[in-house]
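Order of writing sets the chain letters: A, B and C. Residues in each chain are counted from 1.
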Amino acid sequence: MVLQARYADVPIEEKQRLFDEVKADARFESYLYGCYECGICVAACPSARFYDFSPRKIAQAASREDLPMFYEQLNDDIWNCSQCFSCTRCPRGNNPGGLITIMREVSINNGLTSAKTALEGYGRVVYKIMSTGTQVSPDMLQPNAFPDWGPHVQEISDNLALWRRALPPDTMHTTSTAWYVDDRTLTELYLIWHMTGVLDMIKQVDTGLHMILNDVMEELLEEAGFTPE
Amino acid sequence: MPIPLNVLDTRRDSREERGPAVPPTEDVREQVFELEAKGEWLVQRVPDPWIGVTTKYGRIKKIPVAKTWHHKSCGQCGHIPGYSTAIFWLIRKLGLDYNDPKDQTSCTAWNYYASATSNQGAQAAVAMRNFGAAYESGYFPMIHCGTSYGHYKEVREELVHSAQLRDEVRRICDKLGKPFVMPEEIVHYSEWIYAMRDEFAKRRVLDLSSIDVTVHPACHYHKLVVEDAIYDPDVYGGQRTAVVSAVVTALGANVKDYSTWFDCCGFGFRHILVQRDFTRSFATLRKIDVMREEANPDVVLTHDTGCVTTLDQSQFAARAHKPNVGIPVMSEAQFAALAMGAHPYRVCQLHWHSTEYRPLLEKMGIDWRERWREFEDDLERLKKDDKAFLTWEDADA
Amino acid sequence: MPETILVIGGGPAGLEAARSIATIGGRAILVERRPVLGGTPDESNYAALTPRMGSAQDALDILRAGVVDPDIDVRVNTTVTGCSGTVGDFAVTLISPTGETTESVGSIIVATGFQHFDPGRETQMYGYYEHADVITLPDAEKMLKEHHFVRPSNGEAPRNVAFIQCVGSRDRRLGNEYCSKVCCGVASKEAIEIRRLLPDCKVYIFYIDMRMYGYWENEIYWPAQEQYNVTYIRGIVTEIVAKDGRLLMKGEDTTMGRPLEVLMDVIVLSVGMEPSRGTRDVAGILGIAQNKYGFIALPGEPMDVVSTSVPGIFVAGAAAGPKDLEDTIGMAGAAAVRAVGAVRGGARAGAAAAR
């Protein structure tokens, strides 16, 4: 057990509760077997090269059930992961990246401040994917959103509607979605968000976004005669 | 350094004496069929004709030739539209039947891996909704995005191993009125390109023998559910996935190795959107720089949405302090299409790409000035509303 | 009832089993698929044995001399292709270049051994099929036997050599979850030999756990560190790629907690053991159960380490799983006693097998 400097004020019961939520995920069992500290995951990890981040320590803390370290990682480490899953090279069959996916879900479900911080500036993406069914749309290519991508983004943005019309596939003339998505399809997607509790997750981290999404979805769902459970 | 080929040949030959190796993983497809036999779901069969390709542990995977339902990629269609267009163009060039659906959503996995604002049930339901739509159309799913492909394979494993998850998702599909159906194979478009590479080679019109290529294999293609990715003993001794590389070779260009091939591109899912300092650093320092130093390629080819975006767009800012960057990036689908005479703007839509690609086109023997002029004429006609959209007929005019 | 015992495999286990059978008054037919006796230590050019550095060839000569006996019918270039019957009365079909014969035997000892893991076969990313300077423990052994350790690519003496442990062992992804037992010792032994041959060459061993049981600790591990300055680094390598004409290995130094990318001239993969093709084939022919890794199963473990799932058929050596030479020789003697016992007093042997 490592002496922890950070989050000493958070009661151990709270740390235990969050850890138990992670462990209760159906995938946990196949994502963590045991760790003999070979370091293969770290050598393959892009985030380990740029951050003080180690998939080996994620696996270790989880298998030791080291609650203070787990809680530190839950707040300070998991959002650094690239989710590339290079760490699945693990000879023990562990999936540290997958553990992080679960940890992120738990931190969202519990509305942790660190999760809210990590999602700052990201709300528009959640809005786009949940409300339109395609995550990336042509009209997201705005110079203020991607200043580091160069003046080229401005050129695309200026010519967007015209350039989209110059695409031979007829599903791709859209500008606010990546392709044309049928209303019926969207309705079905909304129903999925409702039925699987994803909207409730959003509520935990961004109440404003939750309200807007609900409004957007309501109309289509009603038209189709669906009443979310 | 002299390469003692006999040493390596002897090593490879000993493989035969040792006898066949038993795959270390179960074949999830067998369980997919078992669940069908138990009445749990339908299995959509790969339509005839199909091509058998070899996966990591020597199993055969069926790749449909035609009758494909195109599970498009949001990042491709949204920001690299020449990527998707090139895939369709290749299919049309071979005269094959396909379906470009509107009853399709993103896999939503980009968001899931970025923000975790979703869960296992929702992700599986989105996948099965799309699979259901494909089944209803009578066409077989072909997945354009590496992340969708990897994620759907994870979803397949999870559904196969959890009756509870199957029940949850089946209940949702029932409510939506969609059939509960799992495809016999989960197929990435780059597997189709790999399977059809000789057909493309036959139709090649450009000499690519002077074109050097570095290949970036997409993480979510070969690191998620690894046993299902294509490997070929003739490509890097069977120790790396053969997709893309084998296509480059078939088209007569040269695959060049570099030491960070296994590294990811730096996309990071959330990083590309809200923490791009990481993405830019990784893409340039660990990938583009290394490629330039060790292989000096004319182009970087990859087979996934995020990788093309990251490797291409990250080079602009790096130019400020790194004269070394500036390698064009595209998908192998666009590259193959160019090799077969596709229009660089009408089909491959290279004007959406960031890093300077014109020297590459010149080296490939493409008159980009003339092609751009043609495309500008197209745009003029569209502007004047002579026509609403550029058509496939226009693309090959 | 035939009193003869069939011993399949002419490596250390089979040689010692046949010798032991004759020693206690039994008769044996010893079949070996290769033209010479000696098994894997001979075929793979073992030079110095772990831990005491004695000559492998001298040891094999002693074992070979043990089967020069009127009660041992040695048949090289021979394989088993069929088997029927039960304990006390097996009919086995043998094929050799001179033709096919059927022999009556009372019991059988399987001593078909192991094969070294092929690091090129699986997608380990160690580039064994791509880089000549990536070699295996037996490849290194072959060079050390000739007292000539070089980079295979150019014949020059290496300045930096690394061993990577647990290649093909302890790996769920490869399906080989077991430890191969000997590789830590063999790698350390080879490291010492390289340091003796090339005093200017730095030698590193990258490991997860060093497993040097009993006297291997003081006879190999400590001397390697204390007298020969072999550097042990805790952490395994993710991949090997070519860089500037050398080999770049990427891993993590888990003791220091930092990523590691270093250039090497030669990298030795400490490959583990897998059931040999002979073991897999013979298991099928005799109808004896294999464990999930393909080795011969031992249903009576731990108190019975030689009985297979079929009464009257016993196993010795690495056909039953990773073994060092000491275990192999001990097991061969035990199998011989049990095989002779099965012939002479079938009921008691059968009861033991069923226990």
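The criterion applied here is as follows: a contact is a pair of C-beta atoms (placed from the backbone, for glycine too) under 8 Å apart; a residue touches a chain by one contact, two chains touch by 3 or more.
Note that the structure is predicted; figures quoted are calculated from it, not measured.
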| field | Label of the chain whose CA centroid is most distant from the centroid of subunit B | value | C
| remark: Per-chain C-alpha mean nearest global C-alpha mean belongs to chain B
| Comparison of B-C and A-B (more C-beta pairs in contact) | A-B
| Rounded Å distance, subunit A centre to subunit C centre (Cα mean) | 48
| message | On a C-alpha centroid basis, what's the spacing between subunit A and subunit B, in Å? | response | 22
| said: Can you work out the whole-Å distance between the CA centroids of subunit B and subunit C? | reply: 43
| request: For subunit B, jot down the residues that touch at least 2 other chains. | output: 226, 262
| query | Can you list the residues of subunit A that touch 2 or more other chains? | reply | 44, 49, 89
| remark: Shared-interface residues of subunit C (touching two or more other chains) are 125, 172-174, 238-239
| query | Which residues, counting only subunit C, touch subunit B once they are in their complex? | reply | 115, 118, 120-130, 132, 152-154, 172-176, 238-239, 241-243, 245, 248, 277, 280-281, 294
| request: Would you mind writing out the residues of subunit C in touch with subunit A in their complex? | output: 125, 166, 170-174, 208-209, 234-239, 250-254, 257, 259-260
| query | Tell me, which parts of subunit B touch subunit C in their complex? | reply | 1-4, 7-8, 11-12, 14-15, 17-19, 21-25, 56, 226, 231, 236-240, 257, 259, 261-262, 294
| In the complex formed with subunit C, which residues of subunit A make contact? | 33, 36-40, 42-44, 48-49, 54, 56, 89-93
| Touch list for subunit B against partner subunit A, complex | 72-79, 81, 84-85, 88-89, 100-106, 108, 110-122, 125-126, 129, 133, 150, 158, 161-162, 164-165, 168, 171-172, 175-176, 178, 219-220, 223-224, 226, 262-264, 266-271, 273-274, 276, 278, 280-282, 286, 313, 316-317, 346-347, 349, 351-352, 354, 375, 378-379, 382-383, 388-392, 394-395
